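In the two complexes below, chain A is the common chain; its partner is chain B in one and chain C in the other.
Moving on, here comes the complex of A and B:
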């Protein structure tokens, strides 16, 4: 309970900061749109034929936004000794990790929820369903867990902008695969056995594994 | 910190033994590699289906296996370092990651050279290939994080952490790519390599290659660890000189 209270306090701090500045959400929304527009030019598909590549586009945009949002969540802590304050807070390192992770998770879910209908229009996505929501939630938990962990390392280095994606994307490959495949199945509206027997369990296993490992070794990365 | 630099380090017998082991391993690796070259290019029969290109397999398979050994060692040494904080754990982790990256790069290059005539494509998103590529990315990031860390101490801890995460991730990557491939089969032109159809002489040469490459791997690992030790001592001497 102590852990949860500390984590929620840190997450709430991030949310309040965002409510007042709105810089992450605004920039991430515009960025997400521009990614889809740029891809549209890159692929140059005929009207109405975007459906096969739409899940891929959706997740490339979400993954890029995730990197952006998580980098921002930690660079903000660099200003005015925020990171030191965070580490001096009377909570365990697990709580710090969970708090930052929850903060990033909330930002990303909000951004994804706003962008999804926009993408549905732009990419001509056939159906939206609760299962898709579940896929997005589980995949975003994976993004936020791994991303928060690596952002905490990357932000302390000289080349923080480039190091986060370099660390983040290779590790997150299973989540991207599972999210794209599950979304494709859901959006096709056909039989969804693959979603329930394969991709959702894969996401759950990935999330559970990294939710255990990341807090466990998080304490190490603030040494020295 | 560990040893007090600037003072002559004690010559423990095992340290001298390791130095000797390095020399012997170098000699052994050199002889075995030469013999291996002879076996691969002269003794080994030309594959009936694949032709001469099949010979690359005697090099490709051992270096792939040993790169995985390198990353396994790196993860174990990383855990060892986080628990024990011994410099030698970190040297082992660093050296095995570097040798592992070199080997996995060579494995990817030899694999691509082999795939073109045999599969008809330079690259295919086959699970083993894809996992190896992801592995390459993770351990290149591992080496980058050491480079970019503000202090060597942070580099050691961070890279240990990345090594552990990377190693946990690899099996998940493998299974997810396998599932993904089962839905999107990539057209493979030409005969698939049959793993079971190995002539006994081919299998024996492969095992010899594995031993030769293992000797080379062991030598490179020990040499890199010794070099790291010298680098550490030099860094310590520089710090001491600056603080005086």
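Moving on, here comes the complex of A and C:
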């Protein structure tokens, strides 16, 4: 109960701050659009022929956006020593981690939901389905969990903008592979057996594993 | 607040630190500090820049890990699972720990939720009133002056009615009226049986507020003399 109370208080505070400043969502949205436009021109494909590479582009864009959002979410805690305020409070380090992770998850899902229709038009995504929504949700939980953990470490260093992607991307590779493969199968509209038997279970296992490991190590790192 | 309920060691000592050591790289900042502060006592810690005052306060608050030694607050050990000990501490340091885009009331409401404070609305009103910030309650922190932000940080530190208050240079950046307000708050704090340990570079302010004056030099406590808290507004 205490874990939930602390985590929800922190997540709600982050949401409220973002509603006021809109700096994470605005910058991430603009960045996401720029990424897709640059890929569009860079690949120089004929209209209607982007479908085979669209899942890859989608997830590269989402991964970059995730790094941007999570970096900003933790930098905000440093501005006036807010992280110390969280660590002083009589809530477990797990609650602090889960609160920050939940806040990042909400931001990323909102940004992804806004960008998905735009990507669908620009990348010729043929179909949008509930299964794709599930893939996005599970992959984003993985992004937010691993990203929050490394953002908490990186934010304490001077080279935080560089350190976060350097730490984040090697670990998140299984999520990106599973998300791209699952999205490709969903978007092709063919048999979905591989999605349900291979890629979604992989995402679930990854999420479950890191939702245990990351708060645990976070507790040791931020031990007073 | 009932001190007795939060005081499992029988009420003898509010803060007890023994053999605190801390090194940063090859520089020893604290070389075995032993310190006690009793209930109803305000102690002031003097020391030159870099003497380790802030480090000691952060260790007592559970924000920095000591290389060696032990800290007990109201008899409870301060360690990583020390939620009960953390609940006993109010800490105001160099940074305000506030969020610039939230209002004063929203900042305090956030901390009230974190601390699980019942009747949070009333406590927030009381804390704002104690620091003369009631008329700024709905203003965003970024619109406040530095002094007002420091007072709000004090309100945050006392919001959950901690038994032990740790203040790092609380008077710096405050005008004379705010210093007087803070002095009054500390007098009431001690009178209610709680304890406070603060650092300051102002000998005048420190001796006016504190029952005991400690000096930290070379990583050790080198002085421990009674002070004479004034009854005036200073």
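Assume the second predicted complex is superposed on the first by the 222 of 224 C-alpha atoms of A that agree within 3 Å, B and C clash if a C-alpha of one lies under 4 Å from a C-alpha of the other, contacts with A are read in each partner's own complex, and residues count from 1 in each chain.
We take it that contacts are C-beta pairs under 8 Å (C-beta built on N, C-alpha and C of every residue); 3 or more make two chains touch, one makes a residue touch a chain.
The model shown is predicted, which means the values in this text are computed figures rather than measured ones.
Using the contact criterion defined above for the overlaid structures, shared-chain residue A:56 touches neither chain B nor chain C, since it reaches no partner. In the superposition on chain A, contact of A:9 is made with chain C only, not with chain B. In the superposition on chain A, contact is made by A:178 with chain B only, not with chain C. After overlaying the two complexes on the shared chain, residue contacts for A:88 are found with chain C alone; chain B is out of touch. By the touch criterion defined above, A:133 reaches neither chain B nor chain C. Residue contacts after overlaying the shared chain place A:223 against chain B and chain C alike. Across the two superposed structures, the residue set of chain A contacted by chain B and also by chain C is 220, 223-224.
Interface residues of chain A facing chain B in the complex, by the touch rule stated above, are 146, 149, 153, 156-159, 163, 166-167, 169-171, 173-174, 177-178, 181, 194, 198-199, 202, 205-206, 209-210, 213-214, 217, 220-221, 223-224.
Per the touch definition, chain A reaches chain C in the complex via residues 2, 5-6, 9-10, 12-13, 16-17, 20-21, 76, 79-82, 84-93, 219-220, 223-224. Touching chain A in their complex are the following residues of chain B: 82, 134, 137-138, 140-141, 144-145, 148-151, 153-154, 157-158, 160-162, 164-166, 168-169, 172-173, 175-177, 179-180, 183. Those residues of chain C lying in contact with chain A across their complex are 61-65, 78-84, 86-87, 89, 91, 93-102, 106, 110-111, 113-116, 140-141, 156.
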